[in-house]
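Shared between the two complexes below is chain A, which pairs with chain B and chain C, respectively.
What follows is the complex of A and B.
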């Protein structure tokens, strides 16, 4: 076994929650607003529900192949070479999404806080921390997350609470003016982020009680949907749909509007702290999944040898994938939802699901019993 | 490469193991003594004189019984024994008429041991040492050995009495309310303090030895039917594995048995308070008491033990909740206030409200150093002052505080070397450090403050958070005897979490902490909540008094 630690269902739910909320609440609101306008909150509420399909598929596959990660059971299902190809595709997917998260953070730091510092400083120093946490293992990441989740949730709620006096709910009207199509299109954006629960396909075999995986995932999705919806409502109610769609990091400006009695003011640093902690956990999880995947594909005995190369690839990707913030924003809005959902979150799990069913029902292969040694 | 390393390591280990076993053989004089040992008194005493050298504190007194049948010798270390006890209850009965009257016809070398032990000498604690080595070892703990000519076994009387410090208030952990008894340097006194607090048959005091030359007594104290047996086994194993010359303080043991000795955070709790130690035992933890030090160790422990004081459990719970939150806040201040200040002053001036920014800027005008250098300098000076204050005698300490406070605080500001705001920051940080109940935890914070300041000077708030995340990764990976260091916040149950941050009423704490995996979770009965006197009963007493009064009238 590559991973010796075990995490509880609660920790799993918390990890899934942070991997989605950490980036979605900082970036998605403006993207959603630019597509759905006044109905952005509706899109934020509906979008994540798509993810329940992914969750069902993953937990079903996890139950069919107990003790195996997605990298392992893709081989069991599709055969050695095709299975390894799918597993490698997932390794790439985790790297890609991780790189995007790091890039988002780097861009946020360089545009909003320290404009003279090159982005590579932030990206690589962040990855250094993540590499360390990958080395110490999933259990430690989960424990850190339990600490950080309190920080993130309380800070987000604090920001939202203090901004209450500035809310103008008139901005939310007119309701449903443009019809359902833009809302559905915009709903793909939060769906793309909540699809991050695909990491459950990797961490599920390391749970103390894998039967609770579905519950943990559902709780995580609902919690982050609630928080995201409140955030989107707040942002629309303060900036209006046009203005909030013009910033890439609206939460930052959102925090700047807070001013209570001249004392509770300038909340940007809180935003930065929150986001950095969140990105740290999110990237660690994705980095961990990629490293574990690569180690399992290559049949290594430990994760250690692939951590450094993957980290360098991640860092390089995070810098060279996008030229600037605008390109990042466009990619996140126009390409990412279709790319990630069609491939990683729905496409490949569906394929694995279908092949499992076909082989079981038609060819009579029985999965689940052969995996005793795993 | 890794295989080569492991090979090397194995080789080294093999070598090391080899060395230590040889050394052990050479170091153990017991075998040599055993070979030359003989029951004859003369030979034995010669051997003892040869082995122990010319130490003046070792007293050897030869005498014979009243009926001249048995030759005896008494052996003790002066200063560790009660001489009057030896004179009155060992030597005198043997030489007195008592023997003549009752045993003169029977007392001979072959039955001397039993007669002396059972009938003649009158000391409550007697042991039979099987050989000379064992007897000598016991003699060094203050016992008295009685050698009998022609007898292999040696009688060892417990006559320990030496000058010991009285039980006083623990100076490092004072409290307003609660017991003022602190542990002392004498192990027996300390165990007595525990027994006085826990009068239960299941309180076990398990004795071990550590340190080849110091032969230090180590006692594990725990309650048999509460404790997690796996933890106990692990503690025993780790202490038994210690193979060293000397154990002079519990700190030695702490370093030998810690999970991660390289960590800057203490993974064992330390206390001088007897009540705190008793409470820890009742919580299902294990106490490691070491002779010659008042500081006992508590395992396992978690990070959040360091924001708890024993007084929290004696005073009203409301104040305990407030104080614990305050200590958590103070812990953060002590760790990162200077770093945050440096980061904000250097990189994020926009975060301060404008009037505050202006006043700080005005104060910093003319200060020749950047804020990082200023902060590092002031923190370093503060550490020097602190250290000087601890080491110097009290009378001189006053001078240090005058020099420190006046010269360094006041004059350096007037000279324009440091800004007043920095002095305030450093002073607040210092006071916060003192406000934490656990001294060994605040050491970690004091050291970590410096790298954080440097990171803040390099990368602003990002650097501070970077440093904090590093600390967090480290803390999350730590374990103390199988219990995660960050529990119960991470990896714990909700009730444990509540118990850590908010001390519940005593009648609410039905269960012990989940994190330790104890055998016995139930602490007390559950129905002791707030109860009112039944209404009818109160009525009755009222009526009674009235009737009584009326009758009087």
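What follows is the complex of A and C.
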């Protein structure tokens, strides 16, 4: 086994929660608002419901192939070469999403706080830390996350709470002003982030009780949807839909408006801390998934040899994927939802699901018993 | 194992070097902390933006024992084709690095407000150092002149302006507006933005023709602040600047501003005078404590109209006659007099808004919330339509208390 650690269902849920909320609440609100206007919060509420389908598929697949990650059972289902291709596709997907997260973080740091520092400093130092946590394994990441989740959730709630005096809920009206279609289109954006629970397909076999995977995933989705929706409601109530869609990092400006009696003010650094912690966990998880996937595809004995090369690839990707921040924004808004959902979050799981069904029902292959090695 | 720990500790200690940041390392001694920024527009020039920075004097920061010394500010100014360029030019005179994060006053001169606030707003949102909770003030005249007014009660002019804003947040007539709120209004369809006007006016002693005892002395005392001569004047938040898109459309005076706040349901506190119901030549002063405004749009056969219902509460705080106003009948009369006075204020404000063609109350936005389809048809022409839309105003006033005295005690004649 490449991973010796085991994580509890609660830790799994927490890990999935931070993996989604860490970036979605910092970047997505303005993208959602630019598509859905007043109804952004409806989109934020609806979007992640797509994700339940992904969750159903991967927990079903996980139950069919106990003890196997998505990289292993894609081989079991599709055969050696096709399976390895799908697994490599996933490795690339995890790398891509991880690199985007690092890039978002780097861009945030350079635009909002340290404009003279090159972005590579942030990206590589973040990745260095992530590489370390990947080396020590999933269990350590999960345990670390138990502490970080308190930090992130309490800080986010604090920011939302202190901004309450600035809220004007009138700006949320009217509902469905432009009809339901833009809302559905905008709902794809939060869905694209919540689809990150695809990492469950990798960490599921390392759960102490894999039967609780669905519960953990659902809890994570609902928790992060709730927090995201509150965030979007707050943003619309403070800035109005037109203004919020023009922002790059809405939560940062959101925190800037907090000013209670000149004393409770300047919360930007809290936002930065929160985001840094969140990105660290998110990147670690994706980095880990990519490393484990590559090791499993190549039938390695341990993860260690691929960590450093993948880290360098991640760092390079995070810088070279996008030329500038507008390109990043456009990609996140226009390409990413379709790309990730159609391929990683729904497309490939559906394919695996369909092939499993066909092989079982038509060809009478019985999955589950002969591959049970756990 | 132990040796490994030592190596690890040494490595961690080494990483301390980097925690201060390499590229963005800033020492507090190298910072010029900006406390207020005034932006003016000089028409007809190639570099029309004049930016004045009020920078906290570094020496004043250390000496706390000065006993109410507060802070002192020094002024620097620069001109440029854009705000950023003007600041860059000012920076060439400043021996420290300009640090805008602690700036929470953006004072815009009248000329620039008339020319358009877009460059200012863009600068504030885009620049990571500027804060959206900073207050936006429109200066009568130029912002630079305003900043050069001598401080009177506080240690510096920026502190003085801050104090005025803190006080005004409780008052009824003027409402200081943080930039994010201004931006929200300016971007919402069917709504126009407003903010407070700040004005330097002659001192109270100058208002009386023959009372110039210690004027010269006070004038000398104010001149030690730093750059340039300072004028002895007193500052006041004087009314409300209303905008049409990003351009200053006009200024509402005190009572019009309050009328606007009545319409928008934002009146907090204040006092107003009405005629005494028994002796009409005398006045009764009433306070305003609580109020509620409800605006309902209605559309009948394609005609849009609005109904504004105001409920105002308050106390009787003084009267100049001897009449007993504590009877139910008199209170009723006072109530209707107060309602009438409020209605007049609201109507005046509405009239001025129509005259300036700016919907600062946000009738359009309210219509949009209730009747999105109808608003969409008129959205492009809303300013013209707003001028014609009938608004019905209903005011209900209640006087709850009469202070510590129910009625005036009889005074011997």
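What we mean here is this: the second predicted complex is superposed on the first by the 373 of 374 C-alpha atoms of A that agree within 3 Å, B and C clash if a C-alpha of one lies under 4 Å from a C-alpha of the other, contacts with A are read in each partner's own complex, and residues count from 1 in each chain.
Methods note: a residue touches a chain if its C-beta (ideal position, glycine included) is under 8 Å from a C-beta of that chain, and two chains touch if they have at least 3 such contacts.
None of the values given here were measured: they were computed from a predicted structure.
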Touching partner for A:243 - first (chain B), second (chain C), both, neither: second
Touched partner set for A:129, first chain B, second chain C, both or neither: first
Touching partner for A:358 - first (chain B), second (chain C), both, neither: neither
Which superposed partner A:144 touches (first chain B, second chain C, both, neither): first
First, second, both or neither for A:312, with chain B first and chain C second: neither
Which of chain B and chain C A:272 touches, first, second, both or neither: first
Which superposed partner A:298 touches (first chain B, second chain C, both, neither): neither
Contacts of A:114 with chain B and chain C, given as first, second, both or neither: both
Contacts of A:327 with chain B and chain C, given as first, second, both or neither: neither
Common interface positions of chain A, toward chain B and toward chain C: 113-114, 117, 121, 262, 265
Footprint of chain A on chain C - complex, ascending: 21-24, 125, 128, 131-133, 166, 178, 180-181, 183-184, 187-189, 365, 368-370, 372
Chain B partner contacts - residues on chain A that touch it in the complex: 8, 11, 109, 113-114, 117, 121-122, 125, 129, 132-133, 136, 140-144, 146-148, 150, 262-263, 265-266, 268-269, 272-273, 276-277, 280
In the complex with chain A, residue positions of chain B that touch it: 347-348, 350-353, 459-462, 465-466, 469-470, 472-473, 476-477, 484, 486, 489-491
Residues on chain A engaged by chain C in the complex (per definition of touch): 111-118, 121, 166, 168, 170-171, 173-174, 177, 238-240, 242-243, 246-247, 253, 256-259, 262, 265
